[in-house]
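A, B and C label the chains in the order they appear, each numbered from 1.
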Amino acid sequence: MGQVEKRLQELGIQLPELVSPKGSYVLFKQVGDLIFVSGQSAFQGEEALYPGRVGAEVTVEQAREAACETGKLILAILQQAAGTLDRIEIVKVTGYVASTPEFSQQPLVMNALSDLFSQILGERGRHVRATIATSNLAFHCCVEAETVARLLP
Amino acid sequence: MGQVEKRLQELGIQLPELVSPKGSYVLFKQVGDLIFVSGQSAFQGEEALYPGRVGAEVTVEQAREAACETGKLILAILQQAAGTLDRIEIVKVTGYVASTPEFSQQPLVMNALSDLFSQILGERGRHVRATIATSNLAFHCCVEAETVARLLP
Amino acid sequence: MGQVEKRLQELGIQLPELVSPKGSYVLFKQVGDLIFVSGQSAFQGEEALYPGRVGAEVTVEQAREAACETGKLILAILQQAAGTLDRIEIVKVTGYVASTPEFSQQPLVMNALSDLFSQILGERGRHVRATIATSNLAFHCCVEAETVARLLP
């Protein structure tokens, strides 16, 4: 068990079980020391956790919770890819937030995921980010995040 | 002629002619063993193939056809970049699907492109993916896909 | 002072001051010879430069100006990352343009940024690009751009 896994235990954070991709793709792929992770969203069983758009059906707090759960999912995938999160550095996150035209605080939502990465991985969790508003997302999810990480030696 | 080019011939699949970028950019760029490919969409002459949004002007089947044609375009670009598709592995696809707010089956659309890559490249065609719904796309295309591939030795 | 910095001076182009990220992320991160830059948008003080969507509140010319200012911001970040722009090659830009459903000339907007890169960096400024329409963007910005660059030896 790595240092990061110990920290997760201390924080009482349990990473979710991996589920099969919801389409014809793989969860992650490594090229050199880069690990590319497929777009992830938080689900509750078969349904999106908090379906809809922020500003209408979904509140900022709910979207932040979905972003945080999405972050845990990404960490679970990276743990499987690397064996332990001790070898993971987050490079880039592209976050998509389903939003009404009026809602413009998408970064507030994605901060929940970014802060989780920093809390768990420390300096290695700090990353480059782009946050995009979309009119909706697959399966009516409110948040989706695409990640590039680095595998440390 | 490579093994993949022979398979294409057997399958009766002809890759499209490359056309000039529709803006101030290049079709592909290589850095190390990564090949980045510009966002591609399917056109019929100067017009988008199936213009509009899935859920309104465009059906799922039409969007899947556009995604498949987009996939062929990407393969044609990668063939030009690498000389032969035998040296290509698909790493990542980001798919954008112009959608009505109600449509939530974007992965079904992008599967048409992903399945084409697997059919033609086998295991090397399997990739990481993010699928995003957008309110519209340039030139009213219904599908756009951005790709990162790997050049094998 | 590098050759590119001299050219900037000759062209009378001044790169903007860097401002802190508007969220829990870093401006850039280097992995090997790739530099990833966070999504950038043009601001005037605390407010978006030309807030709104192209096709409604924002004209194409205004969005092109925002794209150009965004390009300068990205160059300023890359200059800080590399010490001098002489060592920078642009690899990939993903451009997001807040648009009405009717507006379909997003590439025209992003050309303003792409042309700036070519004007300043020459051949090394030419890049792969994807241009995406979105229903809106964070802080009601009309343009956002995410960049991957290459650090030359």
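The definition used in the following text is that a contact is a pair of C-beta atoms (placed from the backbone, for glycine too) under 8 Å apart; a residue touches a chain by one contact, two chains touch by 3 or more.
Keep in mind the model is a prediction, meaning the values are calculated, not measured.
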| item | value |
| --- | --- |
| Same-residue or different-residue interface between chain B and chain C, half as cut-off | different |
| Superposition of chain A upon chain B: rotation angle, C-alpha, nearest 5 degrees | 120 |
| Chain B and chain C: spacing of chain centres that average the CA atoms, whole Å | 25 |
| Chain C, residues touching no fewer than two other chains | 32, 94, 132, 134-135 |
| In the complex with chain A, residue positions of chain C that touch it | 21-29, 31-32, 36-39, 53, 94, 96, 98, 132, 134-140, 144, 146 |
| Interface residues, chain B side, partner chain A - complex | 32-34, 91-94, 99, 101-108, 110-111, 114-115, 118, 126-135, 148, 150 |
